[in-house]
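One structure is given below, represented as structure tokens, and several questions about it will come after.
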């Protein structure tokens, strides 16, 4: 893959089941940027648009995607379905949509059966920010720049930063 | 499709996410037989074997399947994924697998987002038997024999039968 | 039954336990109309007006009703009571009334004992829309026009429509 | 109504949705007997046998029944349906049947909408015994013998009895 | 007890753990008045004012109180404590105070151990109105006027009234 | 109070709502003995034996009791009622009795309203052992021997002991 | 330690996981002041600032701190981590942050394993006020002035004060 | 670090809060071995042995540890505390210890606040196996051999293997 292309392609691909979930992940962008992690967002329903979803995963993986982050509410199948379509790590964010405050989404994401893991984080915006931190921890294993940015962030948190 | 083949093919296709869920649906067979509804059972994981699942649905639908019943535990995506692969009615049975007593499966099945409905019944064996009754109610709309068998069953229940 | 009358009578009868539940089912109408399914709405309490309820079910069934959809909150007995008064398929929508966010209604509807099934969908408006989709899937088994409208809807969803 | 008949007829009528709930109410009998309250038990499903249920309530009320106690599990509609068929006080006992430990039955019984009250007691055998105590408290309002037996029982409890 | 005094004293005594629970029981008054049931309200904390509570119960019982209704939120001990201070029927209303939506109050009231029953109704205002209906059902056992008012109310509900 | 008597009287008084809760607190004794804290156990129901309970609290307080530990299941009012009868610290242990696994007891104990605090620990035997540790932490504030025994215990835990 | 310094140092140290939790504990200050208990507040995250937290605990303990109160939301580890850093009594206040209404915080605080107890109080502001009352009960064991102030407060509550 | 040492040191370090959690993770070993991932297990309590825990993390990280997996029950702080001691990815497994079936552990692990992420998997043995799969997905990003073993495993699952 030529360097120029690599610069442009996303390492982290964020998938939403619905446009209405966009505000939930807003806090994720500044963190990913701070860690120097290229990312892009796609909206695709696991149930209504399985073919579109499969295409996005195939194309972004070819272009260099290393981690998928999927956010969904209610019977939140998206993260698990993504995990069944790729062998890359998948992070799942339960969204508090509807009257059950995200408990439905949390259980639909975290209780995945053996063989198809989803790395689940907290419900809502707090989880979205931690999804970015978790992606940084994974990429830092093989990328010194991300590791350094992550260390700087952790030190800032220790000084009381947010 | 030749009539002879239609006579032999299943009208109700039962799908399980795992062989370990087979005991849960045992109470379903005598009811389907009593209603005179041909049926068959397949085991296919929504996540580990999506291609196999799609193939089963395509083939059984071609052969005349009218209703799908899917039982699964934990983050029970199977019924919803089946509903995304067919336009036929899909009945979902939450299985009480693992420590959460089926609450995880219930929410993963019933809280489906608009457009991809799953007709959810009770957790476990009680739900399995009602899945058979619900399938009979659907098929009775266009089949007098099923309607008569269903009426006879309801009258027997009214006399204290089970 | 004369054709003219059949054209006017409802195929899907929607029952509410209380007028206050009317906003919950609003999203159901455009879907039923799009699928070309005649429908009508009645308000009748399962507990306070059991005789009225029985009369509505008897009359609408005689006039051609094929599916009943019942929405109720709190100890939501309406869908189960309707299912005990008819052999047609009954779809239940849990309404998030009162402080328990619809969990009480969900369990009162979905945990029906064997023999009297209720096809339960999600809590609230999302469930109401899926009740319409589920009714369309059932009627499409014996009605090509509904089947075609349903297929068109599913394809629109796949293109990102709602 | 002749006095002789009144002596023999039940003042408290216990209704069960299923024979399998009989062990749950065993602890109720010695208490009712100790309070000198005539009682009888009937098994009738609210959904499968609504006509039988209505007949039992009508006949026992005519014969002098003053209080109804109804025990049921899962989507426990029986107590609420009984309360819609009589103007006498109805006591509801949630039964822990199935995987949800009686939470489904508790919410299906206690969350009754305004106008049709059910006096709900604890889940299972503890609730059954309290249903007997509650019936005694109600009947003691107009019956000195029951009041005295109740007082003796309460004093025995205070001395450490059970 | 002279008739004149009896006319003035309350038959139903309503107890609140805190003044802040007053709005919850507002819907109870018009019902009690319609049933012709004299009532009065007292605020007394089971924990902070046990002596005051005992005094209210003793005095109102002497003056003719037949039923106690107690409403409380959080760890709602008031109804159970009242039931331990009187042999009259006690009705408990769980109040949705604090973040747990009344689930804490519901369990603290309904799960009473054997011997000290509380007739529990729904959480919040719906439960308060049913507490009035339940009290009417109890008093109607020995009071024809209440029985007639209750019948009229039930008939009005059947005509669609509230 | 003569010193000799003080030596023999209990500093920690353990109260149980029922004899059946005795096995839950077994793990508490070796810890209290190890910390050198004199203790005694009484069984008294908050609802059935309020006078006995008050007497125990009054007498043990006079004899030198400094801390009360109360364990109860279901609608566990005992710890809160004890806290309303004394100004000493009260520790509450929720017992997992009945089908709700102690969730009812936990909420009935921890959700106490302002002014009457109960120091709540974990459900069941783990909580009982921590009640002993918590009592030791409180008494260590004014007793060097308990403080030293507590330090030795914490060091043993750090070395992997239990 | 010189007396002058002791007068100024805090006996109760309040720890918050985040500045956003400050409004939750507001009701605690007037109570601590009324009981004459010197206190101070620190903000330190158990996870992001473990070293800062350890330093605060060590320094305040040296200066005379006798009790720690820790409030936190979500996966509320702060109270348990504080209890692992000191042998003084630790009171934990679950904060209702995020969509789970404080149930996550409650379970993360109260379900501590044996050996490291946290005295847990109610979720939110009610719990914060009870944390102050509980601290007063503990300090009253060895301090007559606090005991007298506590008694006066309890008497005021009995007269209907708050 | 010399290659020879690297060959022997663990890439995945598994941490347990208690020896009693060992059976929960048994299903993890064959998977890690199949993926060719060196691993080692340590038992260390986050609360009782924080210094031991810190030492294990520091030493294993120096020796080449890339991922930490932590399993704990009840108020399961271990995974979050580990995540606060390292910048490597941390996977958390909730253990179903005690009466709450692991719900307490799940919420204590998944609801971590922003900045300190824990990749949470399902409760119990199913989660343990997925922790191994998730670790493999992370390491496969930078290790072709693991990627190939993972692909082979996923293909075997698709053929119906477990």
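Per-chain residue numbering starts at 1, and chain names A, B, C, D, E, F, G and H are given in the order in which the chains are listed.
By definition in this document, contacts are C-beta pairs under 8 Å (C-beta built on N, C-alpha and C of every residue); 3 or more make two chains touch, one makes a residue touch a chain.
Owing to the predicted nature of the structure, the values given are computational and were not obtained by experimental measurement.
C-beta contact counts were set side by side for A-H and E-F; A-H has more.
Interface repeat of B-D: among G-H, A-G or A-H, over half of the contact pairs recur, by residue number, only in A-G. Centre-to-centre separation of subunit B and subunit F, using mean CA positions: 52 Å.
Rounded to whole angstrom units, the spacing between the C-alpha centres of subunit A and subunit C is 37. Averaged Cα coordinates give subunit C a centre that lies 54 Å from the centre of subunit F. Multi-chain contact residues of subunit B (touching two or more other chains): 45, 48, 74-75, 98, 100-101, 103, 110-113, 115-116, 122-123, 126, 154, 157. By the touch criterion given at the top, residues 27, 66-67, 87-91, 106, 110-123, 126, 129-131, 133-134, 137-142, 147, 150-151, 153-154, 157, 162 of subunit D touch subunit E in their complex. The touching residues of subunit C, when paired with subunit D in their complex, are 17-18, 45-48, 50, 73-75, 77, 80-81, 83-85, 98, 100, 103-104, 107-113, 115-116. Residues 96, 101-103, 122-124, 126, 154, 157-158, 160 of subunit G touch subunit E in their complex. Across the complex, subunit E is touched by residues 43, 45, 48-49, 51-52, 74-75, 98-101 of subunit C.
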